[in-house]
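Shared chain: chain A. Partners: chain B in the first complex, chain C in the second.
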Partner chain A sequence: MNDSLILATAVRITRPVLFLFAVVLFLKGHNAPGGGFIAGLVTAVAVLLGLLVHGHGNRKTGRPTFLYVVAAGLGLALLTALAPTLLGWPFFTHSFGFIDLPLLGSVELASAALFDLGVYVVVVGNVVTVLYALTERR
Partner chain B sequence: MPAVFLAAALPFVVSPVLLLFRRPDRRAGLLSAAACAGAFACFVSVALGASPATVALPWIGPLGLSFSLHADALALFFALLITGVGFLVAAFATSYLDSNENFPRFFSFLMLFTGSMLGVVLSSNLMALFVFWEMTSFSSFLLIGFWHHRERSRYGALKALVVTGGGGLAMLLGFVMVGIVCGSFEIAVLAERGALLAASPWATPAVLLIIAGVVTKSAQLPFHLWLPSAMEAPTPVSAFLHAATMVKAGLFLVARLGPLLSVVPLWTPTLALVGLLTMTWCGWLALRQKDLKALLAFSTVSQLGLILVLLAPAEPDTTAAGLLHLLNHACFKGALFLLVGVLEHELHTRDLSLMGPLRRNMPFTWLLIALAALSMAGVPPMGGFVSKELFLDHLLNGHPLLALLAVAGAVLTAAYCFALAAGLAAGRRPDGPRGQDPSLSLLLPPALLVAATIGLGFFPDQLVGAPMAAATLAATGGSVTGHFAVWHGVGPSLLASAFAISMGLALWWGWWQKRVPPAPTLVADRVYDHALEQLEAWARRLTASYMSGILWRYCSVILLTVIVGVAVVVASQGFVMQDGWSSRHAGPWDLAVCATAILAAVATLKARTRLAAILALGASGFSLALLFALSAAPDLALTQIMVETISVPLFLAVFAFLPPYQVDRVRRARPLHALLAVAAGLGTALLLAASRSQRVAEPISSYFVDKSVDAAGGHNVVNVILVDFRGLDTLGEITVLGVAAIACYAIIKLLSEKEAGR
Partner chain C sequence: MMNNLCVLPVVIPMAAGVLLILTHARPVVSRAIAISANILSLGVALALVETVRADGIQLLAFGNWPAPFGIVFTVDMLSALMVAVTMVVSTATLLFASVSLDDRLEKNFFYPLFQFLLMGVNGAFLTGDLFNLFVWFEVLLVSSYGLMALGSQGYQLQETFKYLVVNALSSALFLIGIALVYGATGTLNMADLVFKFPALAESGMAGVIAVIFLVVFGIKGALFPLYVWLPRAYYGPPTVISGLFGGLLTKVGVYALFRTVTLFFAPSSSFVLPLLSFVAGATMLLGVLGALSQWDFKRILSYHIVSQIGYMIMGLAIYTPLALAGGIFYIIHHILVKTSLFLVAGAVEKRYGTTNLRALGGAADGSPLLATLFMFAGLALAGAPPLSGFVAKFMLLRSGLEAANHVIVAISIVVSFLTLYSMMKIYRYAFWREEAETAIVVPGEPVRTFAIASLVTLSLVLGLGGALLLPYVEIAAAQLLDPAAWGTAVLEARVR
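For the complex of A and B:
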């Protein structure tokens, strides 16, 4: 919890940018620097900044909410890896394709992105769990 | 979609869906019962030939692993048994559980178990079978510990998991040996390669390890200890898992792998002897129990021993008899457990001597118990009689000593069955509610099971003759010569049966009825408790020996490991450097950044406060990120920046947990620390430099770069490696992240609670 007006204002402006940056990093990740892991860390930094300014607010403490986020991410990654076996392909077969969308042009859809989303969610859940657990102690 | 796959997947689909129900919603139970019924119908359609029996589900082909399902007659027999009893138990539990119980969780666990059990019997691959096998142990753990606020439940759940899970691991080792010797994990392929196994020196250890899996799962001596403790589970669970299905997984494995493993001379005699000893000894233990569920638990162990004796030789006739008794046992023991559940619910006790004159107070319940007990005792014309005749017939042709043991087991079985039926009929109930027959929804499921075991007595051949013959053919590859019948004519087995029943009656009347002998404490239990205690003490001592809580010691150990590792490599391989230090010459910017990093490191050492030290460390980390960026590694640079950004505040948050910063405290050890640090740093640098020039194979990185766009559709090779080429590694890594999050949370919470309590 910090009462600094400068910090609060700076965070109010940078937080949305950081979240957006995380989204960009994630979406670009397959073809340009970025990806789920880095995007997860950026998101965690954004959450951390909020924590620095606003503290825990009136968030109900004492429940490991973000552990469920970790579990969800792990589940998503595992399901993405398992899904191809249902279609008769080997475990962890990824596939990708391109579709044409109005305005955006040719867009790539890759199952690897779903797996990457799992990585992203696990990273965010992990860092936020640890941060909250450490800081809400008092 | 093939019906087999649909039926096997249904429980796994329903299990998570059930968790969406609200807590006291009984519809969760109805949905589970419906899922079992649906799966049952699917298996019937497969049995009638309306749907293919085999589904290929590849897993990791190069390792010989698959999740393929193969529903031959043996698997179908078990699958129908599992889903049939599962349906009755789910229907029973729906009205049995109190309305304040957590229905969604209970039925979700139950469905998880059902699916795992179906996986065990349907898998055509040994490794898949093992996976499902351990999943049944795990779901059994969850179900035994369902009332987790009770200390005994947690104890029983843990014991079951330790014994069956541990046995499962031994079995895995055996499976791996068999798989390597025979060159396949597919059961159908293995069945033809018995000769390979017989010729291998690994055969004996492999068979012993698989036997360990069988006897732990089916609670045979000396691992019978977990089943009585597992009786802390809600009664429907005891009926389903610990009487009708899970404990029979070991027997299923014996039937399934018998033809392959019986080429090893050890297999049949070991299993038969263990089964026979278990049958007799646990029959004796059952006779000495006053607690109804404990009595039934020991009797289950004893009956499993009987079936094991029949399945061990892997011959058609005995296997058919074993499978018939397995079916009988599922019916009468499942019914008995459900009825004991009714009694406990009505009378709030499980003490055999306190149930009162049930014949007057709860006539229908008592009648069903008596009929099921008579079937278990092997009294004609019940179903239990038919299969027990076959059992006696088999053993009377063998060694006289074994025959004696078998008859003794039969006598004891008859005695505790009479004690059960007659003890409940009469007796006195001192106080408390007298009880009355429950509603039809609770009586119907056990009544159906009792009806089945009676039907099996009157028309065994007409009802199950053909399916049993088919299952036997699938299991052993041989045809049954005889057929099932109540009346075999007067022969040694009939005489033995008559002797067993009359002796059992005499034993009960003359000895047990006068005074129930006190329940013994199990030697195995004491061994287990003591072993667990010792293990924990050793673990604590071992951990204390290296977890000193002093950070610089941890660092020293880590650095020393690095140094020793490098030294070993250099000493064994020699140190060669062909290409020189670097393929890329460092520019002025690189040097400047390196200088900054070094300065920051020195500043970290010189810092007087912890905050300064952490900030200086951060500067060193950011310089490193800059170096990555200069070396055309933007992904690494981004990651490094983010990690540094997060770890500085993390350090700050940890402050509260740390003692005051004392640089001086370790002053005397400083030269040693400096030596360690320099050696580790230099060693790592040399290792990296040498690793560039000591290629033993073409680097794989060029393959990744070439294939990244074609094979994975991504231009960022780093990301493609992470999520595609090396996806399994990443899955492992994020699993570690998840475990770490749980561990951090738990440790911090425990610490706070401890401090709050103080």
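For the complex of A and C:
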């Protein structure tokens, strides 16, 4: 890796913004454009920027680790979809409720968000796996 | 009838796949998880078949959204039978693979890919939504790319790439077809389409859409003239994987044809059935002629996949209750027998290190049981009594004669003899003659033989006891021929 001071500085500023943007997209996604998939992609872009600046460092490969992340996301999504069947509802039925939080007021909690979190984790794990595989030096 | 059982054939492989990613580095644990998940899914599938027989069509509206709005799984007898036979052959294949595959390949995510493939196949059989069907096709295709390239040999990668391009093209076309359907009718729910699709017949849109879908499923199901990708692609991967693909994957395309043609295309466009009839004959004939010129065990079998698909489409094209029942019987028979033939090829390859008929010889001396199993499976493929192929072909021929479709009957008889010739050729060169190669004793032979024997025994049972399966395929055919009843059942089901 040839070090570029400009790129490194720019990435240092943009990465936190990207992570925050991902959070905003994820939360907005329940009722507006956004959601786990796109938030996962934005997060993966942040990871890619880090790779561009710092390279792989001394890490051998991140592949297996991030595949476990994919498995975790798939598992979370599947369990969320399966949960209602325990109560006799059809697969994938979602439920929601409102909860009062200090400062924020009434906030909606929906089980669909858990599924979306699963999607987010799968996308991050998957894209990062691919990025590592593509940028690896053989 | 709302029933969460419908989704289990998808959920179990998915859950197993997730676990298997975590245990991918430990083959022993992976084998145990994969095989037990398969047996569990097999049990669920058989339960589904019985439920459908007793209570009729089963439904599951995902998220409790009723039919035309949400995605539904609709399980009629055809779907249930397809899932059941899928689980039977995949369990046998998995047993075979667990003692045959290289340790390196097993660790390279064979088991997770295998389970995700099953998830896609089962999903495609169960869904009642056109777009969802596309999604399941993609799930099974993505897994199949991984399996096909497993081992990363040069030839494999080259053929996998072609397979990928062909399938990506057909998927794009599939999507265009779906967009046209949605644009013209405003719905993608199959039950809803049953009532809305016929209105497109006047403007000619129905014909356009039918042609697009015939091409898409023709590519995926390897029909004339779109089968060229198949024989080379199925030669590349390890033989167990070819066996599963050869038995199962093209049949998902055939299933999709059975489903869409009976629901929308045949009732709305008059050219569909004659076209299918022509395609069926050409597929049979050209597939078998391709096989005649080959000198490799696996390649011959691959060409026969193409040829056999013609028979299934013949049942669809004749379009009488008996013909459809025969076609469905044929699909089930074919999946069992073709997979067992590929597994024999795999077992022979394990012993002698090659599948080239010119280099093989004398396998009957080395392992008489394997030779016997091959003989039975080969005869079943050709359609000799008392095996399952005979019952299936008898039903098809009889329905063809009743419908006075003499050309296709004649072709199918000729092709049967040519199939027999091909099987004799394999038998003569691989199993008879003097032993050309010295056999290597490889561990796991009893398990491999058991896996093959269980499939061949099933073929024998279905042949001798054709009456056992007959009521089921007749129910399936009757349900296919009455799309209005199917559509009403789906649309009027109440959510909870």
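To be clear about the criterion, the second predicted complex is superposed on the first by the 133 of 138 C-alpha atoms of A that agree within 3 Å, B and C clash if a C-alpha of one lies under 4 Å from a C-alpha of the other, contacts with A are read in each partner's own complex, and residues count from 1 in each chain.
Methods note: a contact is a pair of C-beta atoms (placed from the backbone, for glycine too) under 8 Å apart; a residue touches a chain by one contact, two chains touch by 3 or more.
Not measured: the values here are computed from a predicted model.
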Clash or fit: how do chain B and chain C relate after the overlay on chain A? clash
Once the structures are superposed on A, label A:H30 by its partner contacts, choosing first (chain B), second (chain C), both or neither. first
Quick one: is A:D116 in contact with chain B, with chain C, with both, or with neither? Answer first, second, both or neither. first
On the A-aligned overlay, A:V42 touches which partner chain: chain B = first, chain C = second, or both, or neither? first
Check the residue A:F91 against both partner chains and state whether it touches chain B (first), chain C (second), both, or neither. both
First (chain B), second (chain C), both or neither: which does A:Y68 touch? second
Name the chain, either chain B or chain C, that contacts more residues of chain A. B
Between chain B (first) and chain C (second), which does A:V130 come into contact with in this model arrangement: first, second, both, or neither? first
Of the candidate stretches 218-226, 398-406 or 470-478, which in chain C collides with chain B after aligning the structures? 470-478
Overlap of chain B and chain C contacts on chain A, residues 64, 67, 70-71, 74, 78, 85, 88-92, 94
Partner chain C, residues of chain A touching it in the complex: 64, 67-68, 70-71, 74-75, 78, 82, 85, 88-94
Interface residues, chain A side, partner chain B - complex: 25, 29-38, 41-42, 44-45, 48, 52, 64, 66-67, 70-71, 73-74, 77-78, 81, 85-86, 88-92, 94, 96, 108, 110, 112-113, 115-116, 118-119, 122-123, 125-127, 129-131, 133-135, 137-138
Under the definition above, what is the set of chain B residues touching chain A in their complex? 56-61, 67, 634-635, 638-639, 642-643, 645-646, 649-650, 653-654, 656, 712-716, 718-720, 722-724, 727-728, 730-731, 734-735, 737-738, 740-742, 744-745, 748-749, 751-752
List the residues on chain C that touch chain A in their complex, please. 2, 4, 7, 11, 14-15, 17-19, 21-22, 24-25, 60-64, 495-496
